[in-house]
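Same chain, two partners: chain A is paired with chain B first, then with chain C.
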Partner chain A sequence: MVKIHPAGIFLSQKLLRYLLSFFCILLIVFLLPRMMPGDPVSNLVGEDIYLSQSTIDSLRAAFGLDTPLHEQFIRYCLQIMHGDLGYSYHMHGPVFEILISRAWWTLVYTIPSIIIGAWIGISLGARAGFQSGKWWSDVIASIALVISSTPPYLLSLLALVLFVYHLGLFPFKGFYDTYNLQSILYHLTLPTLVLISFYASRNILIMRGAVLTEKELLYPQFARSLGIPEREILFHHIRKNAIIPLIALIALDFGFLFSGALFIEIVFSLSGMGSLMYDAILARDYPILTGSLLIIAIFVIIANITADIMSLIIDPRIRRSS
Partner chain B sequence: MTVVYVPSWLKKMGYTPTFCIIILGIFVYAAIFPKTISPYSPEIRFSPYGEPDENHMLGTDDMGYDILTLLIYATRISLIIGVFAGILSLCIGTSIGIASGFHQGWIDDLMMGVTDITLIIPKIPVIILIAAYLHPSIWILIIVLGLFSWETTARVVRAKTMQIRNSGFVLSSRCLGFSSFSIIIHDIIPVIYPVLLPKFMLTIAGAMISEASLSFLGLSDPMMESWGKMIADAFSHGGFIREMWWWFLPPAICICVTVLAITRIGMMYESNEPEMAFK
Partner chain C sequence: MRKSQHKMCTLLFLILSIVSVCCSMGVMADDAILRIATTNDVKSPAFIGDYTLGLFNHLSNPPLMQMDENGKLIGLLADHYEVSPDNTEWSFVIKDNQFWSDGTPVTADDVAFSIQMYGTSIPNAGWIGETLTDTQVDGNKVTFKFNKPYTNLALEFTSYSILPKHIWESIENPNEFTSTGPYVGAGPYYLDNVDLNAGKVIFKRNPSWKGKISDYDTVEISWFKNEDAAAKALESGVMDTYWKYASSYPYAAIDSLTKTGNFEMLEKPTSGLTFLGFNLKREPMSDPAFREAVSSAINYQELVDISTLGYGKVPNRGFVPPAMDGYIQTKPMEYNLETARKTLDSAGYKDSDGNGIIEAADGKDITLDLLIRNSYAREAELMKEYLEKAGIGVEVRSVEDNTWFEMKDKLDYDITLTRTTPWGMLMHAGWATGYFDSRRTGQGVLHTVDDEVFLKLCDDILSTTDQTLLKEYAKEVQEYYAENLPGIPLYWKNDITPYNKKITGWYSNPLYGIMNEFTFTGVKSSA
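Let's turn to the complex of A and B:
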């Protein structure tokens, strides 16, 4: 009999759940427009669009709205597997292409923010947790606590008022004035800083908490009794253990990067995927909304799988016990 | 689960459960009896975009309403959404958690499977989509927020229930012939209560933050004035570009203070240190 590695069983169980939850999201996206009050055609293409009766009829046939629900669902799933997320009548284009063209801009500044935020969070949080009695450690933790209990859009609004309207240090809106690197960097500085402070403050809080818990355990005390310097205890022993809960969260940040950027993009008028979603909400452009939800869901699931694999690699306890 | 430690000097400065209960009490009072403390009735209009002066402590907004009055009346909606979404999520989470922890077997597998699957669904985008379709009233908002925030409660409750289901007092009431339902009500819920309180409080805080975000996207009830909607109005009606800090800062501070107070109260029973989960 073939013996399957326990990690394999662990991963395949997880994978099954991810597939099921993607199926649930598909069901939500599929059922919502068809179950809501009103005409399903207008629920599917978006409100405030004038369509002639013949277009409505042909759309009804194209969506297969006269066929039974399960046939519609199979048809819908086949469409999505071919990368066809529908057609946006507000933006006059296929949803998939619109999303891809906007998503690049969001990735440009969210990925660096997550990475820098993770780096700041881990290094500052570890130090703040290790020397928790010091005044600077408390100051860092308090700032992080306040920032993370503020709704994300509020933080960006306050930054906008202070640095743009009041001090005039940064431009009002957009990704660039003239299309060159300097202009883009200038426009992206403030949104990136806000995003970094948001990610960093949450990471600091969690890292600090984890280090505070770990340092009371026996193994750091044993290391200390062996005469290992404090710095090495922190960086070679405690940090390795304390970082485990954070790894999953940071991986998830990558999954949620589009919805994380939503409020930043609205406040700073950056025309990335977040503001695309916002415009879609205002115009009730449902194809764009469902399309972005599906893309986000796929990203989140990939991020979850990555987090699982990484925790398997990093933490031998999961590998053995699973 | 993530553990967050509150810095010691914040505690010395008064970030204690007692102080937070007093703060929350003031907000609850404002929510129940807004008439007694608000300077004007919320229907009276004055000249718009007024700066703070002796008549209007926080000035007036674009429609000429007194901002302090709006702030006091908005407390009710913000708290109602938070508390009711919290109650709903607590009920779902506790029943699923107890059911799967107490009965185990296939019920446990099924329920934990459902919990895991719900946990993975990206909440905010799904809520946005549902809210966009429904043009929500506050009750729909409460239901949607409650339906998507019970999973962590269910997990914690399940773990705790499994711990105590084989303990002596549960076994003895089972021997005495009490029904499962009675055991759950009289023996299990009182013991897991210290776990429920922080989860409940965190859900309230989370729901309030989500409500503020949804209002900002224009997805809350347009007839209901909440703190989030006040900030959204200030953003879309020129309060920020005019730097009218007396318009957008008070609701912002109210949200932050309430969230901090609620989380601290939730940590009340954690003997040495509190726990927090911000997403």
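Let's turn to the complex of A and C:
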């Protein structure tokens, strides 16, 4: 008889749960946009346009909205099975292509932001928590508190006014002026720095709080009594335990990296995934909305699986309980 | 610890390096481009299918007609037009000195092809497909025959860009066709590139253009996703002007832009306005005396001061603003709380229980459901305050646009706040009739008036192209509004277009503001 490793059982259970979640999500992302008030056809033809009922009916048929909801859902599932996310009449293109082109640009500045934000948050937060009595620890905590409690839109706008308008260091808008690396860097530096400051400040506060709790427990004191250097206690013992709540949060950041960037995209006029979804909601563009929500859901699931695996590696208590 | 400090220093150095590269790039500027900021964003590089690109492409692919600064229709690609006595046959004679940017001449065939293509392929031009029965081309004249009288065709044809047949006839589905460009055009400029990632549309000078030319080889339209950033871009001098369809430059940003000393303001009264609409299918809104009382309860001057920051004026009862052709002088709207209370009282709406709110015939307090879109929150709060002072209860229901469209179409409200656009004022039988005629539907219209007198007036307008008769009908429509108040105009406003004072030659019309051929052939740099 083959003996299955407890960690394998733990992961299999999780995977089964995520698979069930995916099917529920499939139904929800299909129904949610269609439950919202508003008509995609009216949105397509515009505010001051008059069309006869027969023209409106033929448009509705072209959108596939003339059949009962359950038939639309079956058709949608069949499309998904063939890797087809549908066609957007508002955006004039296949949903998959549109999502890929927009998602790419959003990922270009959100992924570095999350990674650098996590690194800064963990490093500074751990130090600030470990040496909480020092003046610089209080300064870091205060700055992090101010940034994380400022509404994101306001902070982005302040950054735009200060660094773009007053200092003239960065451009006002867009991913680039001419498509080359220098121009892309020039345009994306400020949005990335703003996003980093958000992620970093939140991570600093959480990490600092977790380290403050951990350092008062018995094991760091025991380590000290053994003569282990402070730096080693912090980075080899306390940080390992304090990081666990942050892992789930950073995993969620990856899950919401498209929608979370909306405020940046509005302030810096970037045509990424955040603004694509926002426009799709306003226009009731069902295919784009459904496709975007599905992609987000997949990202969240993958991020959660990764977080589970990382927790399993880092935390021996989870390994034992599984 | 030292290792981490080293890492931090490296990161800091990297950031500083990027900043210094940015600084060196920031000073690079090219003054040979006319730069226009807008908040109308292009969502897709679909030349015809994208709503905003459809507005911009008039510059490269002129429609048959345009408006002059007084709102009069004049030819653009067409030299002149003729219409049959029964208004079913329209002939347009094309100017003979027009050339596409690839060097081929613009022909009547291009016009015939374009209009037929709109009718068959473009959803919002479905009316053409439904009514156009025949198209004939004779030399430089194209004749369209319709299955019913059509009196607004010259106006409608201010919005349909003419396309080169030799390019577009091979495109299977023009509405869904996307390309970042270049597109062959016949205007003073052709569309060279649509770059969604850079957020701009670039027009280059048409090498085959035979008319007047401006000082600029390139026109660059950059879209911003928020007004604050657009305003700051103007203040910093990286943009030369601002344009948004049916909207002014944000009033709140005018002062700080003026203070830079680099901009002047083109101020033009617009035919768009904000109004209070009534659900005339419900009581007491169906009672003219009640509407009259509501009209007296509104403090118009305060609304002008708050909503337009003084760039507007108190409207007249005739609804239609002076910026529209056919405007007549009617009595101004008048704020008089005492008159409002007396009118309500004499119409039988009394506050018998003394709670400050009048009662309807059934004895219940009148509390009106004020349905608004989120963007009207400030006006809605003022409206609530005004009406409550007159003894009319108000509950504000704020919803997003699509919910508003749906609830408004289901007549699920008592009163609402909305606006008209310049195009909306002209649609249907014109003079805002499209907003009130109960036989119409559409996102922005209220379709609440089913009074036979009004409907006949609309039909009369729709059955003639006689300018003298139309003037008379325009007067009757405004008198109807003044007497019946199906909607209460809250303020008329001026559209402000800021422009770089080193550039002269700006021209504005009531339909598309500065976005017209006169501007793009007339702007000169005085720098």
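The working rule: the second predicted complex is superposed on the first by the 272 of 322 C-alpha atoms of A that agree within 3 Å, B and C clash if a C-alpha of one lies under 4 Å from a C-alpha of the other, contacts with A are read in each partner's own complex, and residues count from 1 in each chain.
Throughout what follows, a residue touches a chain if its C-beta (ideal position, glycine included) is under 8 Å from a C-beta of that chain, and two chains touch if they have at least 3 such contacts.
Treat the numbers as computed from the prediction; the structure is a model and nothing was measured.
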Touching partner for A:206 - first (chain B), second (chain C), both, neither: first
First (chain B), second (chain C), both or neither touched by A:44: second
Which of chain B and chain C A:18 touches, first, second, both or neither: first
Partner chain(s) touched by A:288 [first = chain B, second = chain C, both, neither]: neither
Partner chain(s) touched by A:251 [first = chain B, second = chain C, both, neither]: neither
First, second, both or neither for A:165, with chain B first and chain C second: both
First (chain B), second (chain C), both or neither touched by A:122: neither
First, second, both or neither for A:297, with chain B first and chain C second: first
Touched partner set for A:233, first chain B, second chain C, both or neither: neither
On chain A, the residue positions that both chain B and chain C contact, one per complex: 36, 43, 157, 160-161, 165, 266-267, 282, 284
Complex contacts: residues of chain A adjacent to chain C: 36-39, 42-52, 54-55, 59, 89-93, 105, 116, 123, 157, 160-161, 164-165, 168-179, 182-183, 185-186, 189, 193, 231, 265-271, 275, 279, 282, 284
Touching residues on chain C, where the partner in the complex is chain A: 1, 4, 11, 15, 18-19, 21-23, 25-26, 41, 43-44, 46, 49-51, 123-124, 126-127, 129-130, 175-178, 196-200, 222-226, 228-229, 232-233, 235-236, 238, 400-403, 405-407, 421, 423-424, 427-428, 434, 440-445
Touching residues (chain side chain A, partner chain B) in the complex: 17-18, 20-21, 24-25, 28-29, 32-33, 36, 43, 129, 132-133, 135, 137-139, 141-142, 145-146, 148-154, 157-158, 160-161, 165-166, 202, 205-206, 208-210, 212-213, 245, 249, 255-256, 259, 262-263, 266-267, 277-278, 280-282, 284, 286, 289-290, 292-293, 296-297, 300-301, 304
Of all residues in chain B, those that touch chain A in their complex: 2-10, 113, 116-118, 120-122, 124-126, 128-130, 132-134, 205, 209, 212-213, 216-219, 228, 231, 235, 240-241, 243, 245, 248, 252, 255-256, 259-260, 263, 273, 276, 278
